[in-house]
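Handing you a structure now.
Labels run A, B, C and D following the written order; every chain starts at residue 1.
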Amino acid sequence: MPVFQMQQEVRFQHCDPAAIVFYPRYFEMINLTVEEWFGSGLGWGFHRMHEVDDRGIPTARIKVEFHAPSRLGDVLDWSLAVKRMGSSSLDVEILASCAGEPRLTCRSTLVQFVKSTGKPVAWPEELKAKMSEFGA
Amino acid sequence: MPVFQMQQEVRFQHCDPAAIVFYPRYFEMINLTVEEWFGSGLGWGFHRMHEVDDRGIPTARIKVEFHAPSRLGDVLDWSLAVKRMGSSSLDVEILASCAGEPRLTCRSTLVQFVKSTGKPVAWPEELKAKMSEFGA
Amino acid sequence: MPVFQMQQEVRFQHCDPAAIVFYPRYFEMINLTVEEWFGSGLGWGFHRMHEVDDRGIPTARIKVEFHAPSRLGDVLDWSLAVKRMGSSSLDVEILASCAGEPRLTCRSTLVQFVKSTGKPVAWPEELKAKMSEFGA
Amino acid sequence: MPVFQMQQEVRFQHCDPAAIVFYPRYFEMINLTVEEWFGSGLGWGFHRMHEVDDRGIPTARIKVEFHAPSRLGDVLDWSLAVKRMGSSSLDVEILASCAGEPRLTCRSTLVQFVKSTGKPVAWPEELKAKMSEFGA
């Protein structure tokens, strides 16, 4: 099964006084992987989702294992694979590595909400079909 | 057993276009809870740890469940309890709530490293004794 | 004339690989000084402003001189003074120092907008009266 | 004279509860423009600068005018031009626009320091020659 892939470079803004990625910045990178997947992978960009369609996809739970530190200038290879699809939720596995060396493994559960009501809402069938192309 | 407690208010800088906390910012708050615990709870502030004593405490794994969104201006009650002490590692449970409503539950594993060598190092006995006062 | 004052400690999350404050983080601190001034100084907190009253106060221009670096653990003394009041705009001077040593001088112009229309709007007279108490 | 150019998209992580860029995040983008210019424009990447060559380029002063808000999903065109070269300092002008509409104008002064001593140090002649290719 294909997975979604993108690269993100470790920038000065991600690094802490030990010159390695400060782990809250990894969650910005994880979020950006999800954002880019929705936009270029699924064709439903965050601007349209949030500002036009009144939807959001907050994270319900997330678990990350950090395998090795990442340093300023490292080019990280990110991948995202769908692991479970619920009616309004979704489990994805996100991996980051650098030159083949694993840096982190993340498992995250997203839930689709209507922003104006705060209620969960089922994924449209067409979107689920696209998501399943990135399934495991 | 006593736990370490502090308050952190949800500020503009934490909030996303849905006016709720953007989850990577929660990890800044989680890190600040650990930082404040080391400083005012254990008497080993991050400046001394990182800049004088050549130590760091990177996160090896972290798991968070988000129970309800937090909004701009919410005053969050944070608590930290030690759950497991290894020779160079430590498991802590961190909870956040607002006016008694749970917002998140976090379990995190930290490892003490020597910054200049990148090698894990055992906690001093005196520090372990202080840590155990916050145990569960 | 009295100025608004608060303290903010330099935390791990503010520091770069040189173990000094990464300057974009100073702008978070500057924003927090303004946010706290509106809330506790003027009695118009950001939650009420943004979520109830449909107002925002974007920055139109800002100028900062950095006098000396700030390090992890430094406790910074922040002050804010009103320098000019327009009908819908406001110039403030924000200073940060540590143990009497100047760290930065900031001059910022804010403009009050109606969020839903994107139009500037005049300050209420009552608010202007309160603002003028922090004038220079 | 040619200027250095790059694109940066407005991401979810940059946006505030008004769904526009929170201005401290613009300073991350400004810094990234400088970082990318040093790396791909001048051939002296931040990893090598900071971790190998013991140099840093802190910002001494910065001034930004914000012309119009930027929204989630906007693709910003950034440009950087050298405006003044001192022996150890440098003035750059950084502009951002979206589809030809100006968003901000920034003037920033950088100073080269030796990280381990905290002392300013003169730019190497070879680097000055490269910098001057982006001059105004």
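Here, a residue touches a chain if its C-beta (ideal position, glycine included) is under 8 Å from a C-beta of that chain, and two chains touch if they have at least 3 such contacts.
These numbers come from a predicted model, not from an experiment.
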Checklist outcome for this item: When A-B and A-C are ranked by contacting C-beta pairs, first place goes to A-B
Checklist entry - For subunit C, which other chain has the most distant CA centre? => result A
Next on the checklist: On a C-alpha centroid basis, what's the spacing between subunit A and subunit B, in Å?
Outcome noted: 23
Next on the checklist: Just the number, please: Cα centre separation of subunit A and subunit D in whole Å.
Outcome noted: 28
Checklist entry - How far is the middle of subunit A from the middle of subunit C, if each middle is the mean of its Cα atoms, in Å? => result 33
Checklist entry - Residue numbers in subunit A touching 2 or more other chains? => result 12-13, 17-19, 22, 24, 28, 31, 50-51, 72
Checklist entry - Which of the residues in subunit A end up touching subunit D in this complex? => result 11-13, 19, 28, 31-32, 35, 45-48, 50-51, 71-73
Item to check | subunit A partner contacts - residues on subunit C that touch it in the complex | outcome: 12-13, 15-19, 22, 24, 72
Item to check | subunit B residues within the subunit A interface of the complex | outcome: 17-18, 20, 22-25, 27-28, 30-31, 50-51, 56, 58-66, 69, 115
